[in-house]
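I have a structure here, written as structure tokens, and I will follow up with some questions on it.
Here the chain labels run A, B, C and D in written order, and each chain numbers its own residues starting at 1.
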Amino acid sequence: MTAITAESIMPLADAVPGTASPAVAMRRLSKRYDERWVLRDITLDVPMGSYLALLGANGAGKSTLLHTLAMLSPATRGGLCLFGESAARPSPALRARLGMIGHQPMLYRDLSAAENLIFFGKLYDVSRPKQRALDMLERVGLADRAQSVVKTFSRGMTQRLSIARALMHAPELLLADEPFSGLDVPSVRAVSALLSELHADGKTVILTNHDVRQSLELAQRVVVLRQGGVVSDRPVLDADAEEVTREVIG
Amino acid sequence: MSATTHAVAAYAVTILLLWGYAATLWLSARRQKTNDNQDNAGKYPQGNPGSNRGGSDPS
Amino acid sequence: MNTLKKKIWTAYWLATAAMFAAAVAMVFAWTPTEATMGTVQKVFYLHMPVAINTFLACMVTFIASIGYLWQRRQVWDDLAASSAKVAVLLCSIVLLTGMIWGHSAWGQWWTWSPRLTFSLVLWLLYVAYLVIRPSIESRQRRALVSSVYGVVAFLDVPLVYLSVKLMPDIHPSSIALAPEMKLTLLSCFVPVTMLAAGLIAARFHLQRAETLSMQEADDPSLDVIPVRPAGGLT
Amino acid sequence: MTKVLRQIALVSGKDLRIEARSRQTLGLVVVLGVLIVVVLGLGLGPQQVASGMAATAVLWVAYLFGGVLCFEKTMAVERHDGALAGLMLAPIDRGVIYAGKLISNLALMVALALVVTPVAVVMFGFDLSASPFGFAAIMAGGFVGFAAVGTLFAAAVSSTRLQGGLLAMVVFPLSLPLVIASTQMMARLFGEGEPLGSVGLTVLIAFDAVYLVVSWLVFELILEP
């Protein structure tokens, strides 16, 4: 049982000359939390510019996987490379290429919408953060609430602001953890349009979702997780909603 | 109290604490062992190949 | 193999017990009584080896804590917790024997002399370690918080020593030892150290068994669900 | 280097802005500090209070409890709505987060001290005139070490339940040597009238150095969203 280090999978990514390394490369990624294995032997490649949906029931390990991909917590075992660079000791430059929409909004509730965006923009060294913040607020339809404090926002508004925060620095890879949960229909439409726009721009998008039909409409490829392991992985074109649902339920 | 009583008391306290702790450890190790045996007998009936912690020895 | 291990283990404890008994007998029957302090000086032969072993146990906790922070293996945390428990036990003995000695030598159970304060703070540091642990529910969190604590607490020890140096001192200066006394000290030191190490090992074994019985198997692969080969998408 | 400093200023500036807006923590902490001073003043009775030296010990009690509250609050700001994860995603060193939080905590503690110290000095009749700068130096040295461990453990503890008592339980014993050193120095400085140089300020500096370096090294390992 030899441990797979991130370094050992590097040659794999470089093996085929002329092809760019995948945006995300996982090799037998496993993670134990307390007594339980929450991720088991996950091996996946996510090529640049793809749109991937991770499906699974609650507790299947979707959020944990996304957290691990975002390098927020290390894997217990296995290797992970982002853009061909090991995620074990990520450089700031690597972190800057990645954006995340979490389960929680990741915003300061006592600061205004604009202040939040400017703060994160400055952390990412975005040029002209103020202008960029206003542009982003415009894009997510919150321009008129720029000076309001976040704690006065509704769930949908907070979520849109959270997306604006994640996109402030124009990341190449966007990780979205249940971006549609708790949103009303117009907000869902706005958020999914934003994600598709990103994908059309050539960015890589990975989202977790529990709505099978919606995922099949949005993404290019669906991966089903159960008990922390990959059960199926196929392009949307081959996928049948009924069958995928069965796989999710188990 | 004389000096001798003090010295003897110090030794008594030390011996009591050190060996007393050793005794409690020994007792709980024994209790754990019998528990494990009972557990395993209940959880894994004979001939179960899926049991991956068959023995009672943790090491 | 297993029975051999068990035999060695039994022999270790029997040897420790025998040497301990011999050392105690030696202290009372053979070693000459110290001239100025009288019989109560005999406490010293136990007091000092136990004190040194307290430090050793604290050091084991320190090293195991670093090990956990470095590797994140539960084994390290189990070791750290076990040796901290023994360290507290040993430190309690140091304090108690010290107090008994002090009461005989200068008529008071407790004085705020630097060395006493030092031992007390050391004791408090590690008692707090043991008290904090059970109040953290998640095993990983507990291991993390206590290993950070284990590191900082050990680094605190020289600092406590420095800070109590600022206090006015009334502790007697060092005692000159006759050769017989040195021999007695050594023959006490060996069984006490063996006992301390044995206690840590025994406690560690118990802890390990408990942890392993809680944990899922070490192999994370899914053996129930068939994994479909990845459908290539480019 | 300037980039790092700018990032640190950004992180703690954000904390202070939030605090300035809600004024939640400071109000709480200052009232708690004054309460502690008053209760201990009453409990010690006129004889002990007259000695004046009791003031330094009482002040430390107020600082310890108030400080722990500050550490908890500044970390709670990050825990709320998962803001810490946002900070951890950003391309900044973990040390920057630590330094930023440390500075916020120190700022809050200095604000606390500015209110509580005069109250205690007046109520205990403590004569500061002998060496006001010595007093400030010793307290500052104590604060840095205390905030260094406090910030570290606030990050380690806050994602567990049972935060309140737990953080105090972790930080108090580790800060004991700091309190001993500081009160003993005060006793020498004011009780025996020794000059500041011979009081052994190096002990405090050694403390601060050890705590800062260790916390900074360990912080990266323990930070989890």
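The rule is short, and it goes like this: contacts are C-beta pairs under 8 Å (C-beta built on N, C-alpha and C of every residue); 3 or more make two chains touch, one makes a residue touch a chain.
Just so it is clear, the structure is predicted and the values come from calculations on it, not from any experiment.
*Asks:* Tell me which chain's centre, taken as the mean of its C-alpha atoms, is farthest from subunit B.
*Replies:* The most remote chain is A.
*Asks:* So which has more C-beta pairs touching, B-C or A-C?
*Replies:* B-C
*Asks:* Need the CA-centroid distance for the pair subunit A / subunit B, whole Å please.
*Replies:* A distance of 49 Å separates the two centres.
*Asks:* How big is the gap, in whole Å, between where the Cα atoms of subunit B centre and where those of subunit D centre?
*Replies:* 44
*Asks:* Could you state the distance in Å from the CA-based centre of subunit B to that of subunit C?
*Replies:* 18
*Asks:* Enumerate the residues of subunit B that touch no fewer than two other chains.
*Replies:* none
*Asks:* Touching two or more other chains, which residues of subunit C qualify?
*Replies:* Those would be 138.
*Asks:* Using the touch rule from the top of the page, what pairs of chains touch, sorted by label?
*Replies:* Every touching chain pair, ordered by label, is A-C, A-D, B-C, C-D.
*Asks:* Flag every residue of subunit C that touches subunit A in the complex, lowest number first.
*Replies:* The touching residues are 72, 138-140, 214-216, 219-222, 224-225, 227-228, 230-231, 233-234.
*Asks:* Considering the complex alone, what residue numbers of subunit C touch subunit D?
*Replies:* So the residues of subunit C touching subunit D come out as 69, 117, 121, 124-125, 128, 131-132, 135-138, 141, 144-145, 148-149, 151-153, 155-156, 159-160, 162-167.
*Asks:* Which stretch or stretches of subunit D touch subunit C in the complex?
*Replies:* 149, 152-153, 156-157, 159-162, 165-166, 169-170, 172-174, 176-178, 180-181, 184-185, 188, 200, 203, 206-207, 210-211, 214-215, 218, 221-222
*Asks:* Name, in rising order, each residue of subunit C that touches subunit B in their complex.
*Replies:* 2, 13, 17, 24, 27, 37-43, 46-47, 50, 86, 89, 92-93, 96-97, 100-101, 103-104, 195, 198-199, 202-203, 205-206, 208-210, 212-213, 217
*Asks:* Which stretch or stretches of subunit A touch subunit D in the complex?
*Replies:* Against subunit D, subunit A makes touches at 67, 70, 72-73, 92-96, 98-100, 102-111, 115, 119-120, 122-125, 150, 165.
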